[in-house]
Amino acid sequence: MTRVAVLGAKGRMGSTSAAAIEAADGLELVAGIDVGDELEAIAEAQAEAVLVFTTPDVAFDQARWCLERGIHVVIGTSGFGDEKVAQLREIVSGHEGVGALVVPNFSIGAVLMMRFAAVAAPFFESVEVIEMHHPDKVDAPSGTAVRTAELIAEARREAGSAALPDATTTDPDGARGAKVEGIPVHALRARGFIASQEVVLGDPGEIFSIRHDSSSRESFMPGVVAALQWIPEHPGVTVGLDEVLELD
Amino acid sequence: MTRVAVLGAKGRMGSTSAAAIEAADGLELVAGIDVGDELEAIAEAQAEAVLVFTTPDVAFDQARWCLERGIHVVIGTSGFGDEKVAQLREIVSGHEGVGALVVPNFSIGAVLMMRFAAVAAPFFESVEVIEMHHPDKVDAPSGTAVRTAELIAEARREAGSAALPDATTTDPDGARGAKVEGIPVHALRARGFIASQEVVLGDPGEIFSIRHDSSSRESFMPGVVAALQWIPEHPGVTVGLDEVLELD
Amino acid sequence: MTRVAVLGAKGRMGSTSAAAIEAADGLELVAGIDVGDELEAIAEAQAEAVLVFTTPDVAFDQARWCLERGIHVVIGTSGFGDEKVAQLREIVSGHEGVGALVVPNFSIGAVLMMRFAAVAAPFFESVEVIEMHHPDKVDAPSGTAVRTAELIAEARREAGSAALPDATTTDPDGARGAKVEGIPVHALRARGFIASQEVVLGDPGEIFSIRHDSSSRESFMPGVVAALQWIPEHPGVTVGLDEVLELD
Amino acid sequence: MTRVAVLGAKGRMGSTSAAAIEAADGLELVAGIDVGDELEAIAEAQAEAVLVFTTPDVAFDQARWCLERGIHVVIGTSGFGDEKVAQLREIVSGHEGVGALVVPNFSIGAVLMMRFAAVAAPFFESVEVIEMHHPDKVDAPSGTAVRTAELIAEARREAGSAALPDATTTDPDGARGAKVEGIPVHALRARGFIASQEVVLGDPGEIFSIRHDSSSRESFMPGVVAALQWIPEHPGVTVGLDEVLELD
């Protein structure tokens, strides 16, 4: 049984996670901390792992506080780029046996989609990405779509794949969408979607597609639980769920 | 039994149609004419209806030739816009009982998709169009996608529908696609597609979609046959398959 | 402004509808009645239309009570078959100007799907229905899928369509699904679906599909609102949303 | 440059393959053999690898003939089960450096779909398989669907996954389809499909799907070419394209 505390327990992800942790095998929720609470409560509750969903301005220092006390962290706060990950590595290097797992996307479905898209991409002549979100989203394309296109482009470069065929010479209004490292990305914004994405691959006489439709925050919970179950046995700094899911 | 001649019999659509006519109820193929042949052969074969698939530069005069002899025409040649249709009306008005049917799209599936999209559009808050074609296509978006978006926009205007919700403020690379009369249109170009289109409509808590995938010229044949079976009983000038299919 | 009362106001559909009525143009919520409340409250609130979501055992008598007082009813309670509809006609015939609308399915998306499927069915050689629901559903196929198949079968009979082609001679485990009036119906039960359905139609070289995905009760609200806005101007007894949506 | 001969060169797969081999990097077509030709022509043409698409009754002996002469074989003939594979191993063990590759399915898309389905299956609560074929197919479900379900079931057993949730108690006509090792499999038969399959996986709040649509024999050619390019460097007996595609 791993004793787990949640940082940012009153936020949407934090509160949904608390319920999932309580229902999960091998995890025990021992503390829920939010703005105004003392971090000391984590130590008092003898938490062994902390799930961090606080805002970017405080999350790093809170993670450091935990790691320095030998408490594992799973970080769901966004914005942990290369620089912060390097700093985490430094902190962890001084505390044997402690683990930090940075998770840009807790959706196992999204992680599998990206992985499968990258594996499949070199086998097909064509590949495009379509992402569909609710119309209140302010940016296009989505971060997941960009990351997917980057992984596809990288896989094709490594495999020596040819450029995508495209004879388009007339497209006055931009129907062909955005290009992310050469991969076309299309963004739909329609009421009724929460977060969906489809990767479409094509060869002569065949179409292969991978699609993920997420309709609620619940869909992140299996990823949250898997991360917390995994971290106690995996010291060091890890980025992404791929290793947790043993996709590598 | 309607005696049918094909003009442009050696072209791709003409030759595929000849086989379909021979297999169809109530139609009899009596002549196949192509470049170098005399139109007189149509009269000699006592054709009652002529299917026109010749090039735009000759198709109009050939249609006139037929109509003036009391022979019905079904015109599949592209580029018969408002002006030419008006001219056809003039010709037909002088020849009682003769019919001309101009068909921009023989695909019953495409016609149904456009019709259903227009009917459904006012009932949903959001609507977008995705068209998928082979990567040798030079223009984007496709003519069918543009026509679909126009019909959707017209239906929403008539119903007094609100503008589509879209909070996008950041889209540096154009992932949101083209706007045709305010309706987003996205064009994919991938090997493996021939001609596909999907109309996606959304409301809170639901997505409604209409999709048509065409993988061969064969898919136009039911429309060709229906047009030829219909024209003998329908004098005057008609545009599109909607009336033939009794969708009006 | 139509003054609306909700019968069964504390149930799931009733409470969701109350919020939708308050937000809708031309409707004013004046009373919410549930078990234990007196119907008299409807009259006292001077309701002009009543939305009925009570249980089958009481809904008919409550509807009669309203109609006899000249109050329109929109009935969402299930189980209003031919017999009860006939009884409603009798009641209504004695009360000029009052209207009763019986709605087996408030989902505009589902109604459109059924309508489009029936219109399209005679134009294609093949047609099958796939419905997808959450795995807690106890019956298969769904009522909507059965109704869709019946409408498809009826449309094909009227059009004189041939039987569906199917060369299957070996299917030991029943992979071909159920047959409803000759139309194959397949039922998926998977976590992540609420209520989805797809109608797949095929001809040589083309596939046409109509799909509806519903992910929340919210998706019924546009149908509830449309029904309540429509009923004051439409005396007599009407069944289904088709006429409300002007699909006939 | 690998010198390739085709056995069964006049059959549909053989003749399509011949064209693909001629167009492929690193392969040279040196002989096309069919019924009535002498195998000796293979040796005379100095073929280094032979693609076998002959009928099951002769394919094994032909493969043995090649292997005993140090010529690699890629076997596309169906029906090479465990017993024949064991016999191939015996033959190959006596001829160092020679390779035999048995390929039940040359479609890279189908191979990827099966692989991805098996990888993803343990991460989701629900999973079902839908296969769609032309209506002239006599058996249901398809061999690929059965194999996919077996791989899914095996992956879930190994991962200790729970049984699929399914509350169905009423399904008088078999809408829930076939069960293959506990995995529901649904078979559609509609004009317009050649060979399609979709694997649908679900968790609370999300649906993940993998789909492959094949519309022509051409779609097998990348797999044929990859197999022929791979075999000269891989002695011994190998089954399936997984290793060729480096998916293992």
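Chains: A, B, C and D, in written order; residue numbering restarts at 1 for each.
Quick note on the criterion: a contact is a pair of C-beta atoms (placed from the backbone, for glycine too) under 8 Å apart; a residue touches a chain by one contact, two chains touch by 3 or more.
Since the structure is predicted, the reported quantities are computational estimates derived from the model, not experimental observations.
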Per the touch definition, the chains contacting both chain A and chain B are C, D
The pair out of A-C and A-D sharing more C-beta contacts is A-D
So the chain most remote from chain A by C-alpha centre is B
Chain-centre distance (mean CA atoms) for chain A and chain C, in whole Å, is 40
Per the C-alpha centroid definition, the whole-Å distance linking chain B and chain C comes out as 34
Here the gap between chain A and chain D, centre to centre from mean Cα coordinates and rounded to Å, is 34
Two or more other chains are touched by the chain B residues 192, 203-207, 213, 215, 219
Given the complex, residues on chain D that touch chain C span 124-128, 130-132, 135-141, 145, 164-180, 184-193, 200-207
Residue set of chain D touching chain B in the complex reads 192, 194, 213, 215, 219
Counting only contacts in the complex, chain A reaches chain D at residues 107-109, 112-113, 116, 119-120, 123, 203-219, 221-222, 245, 247
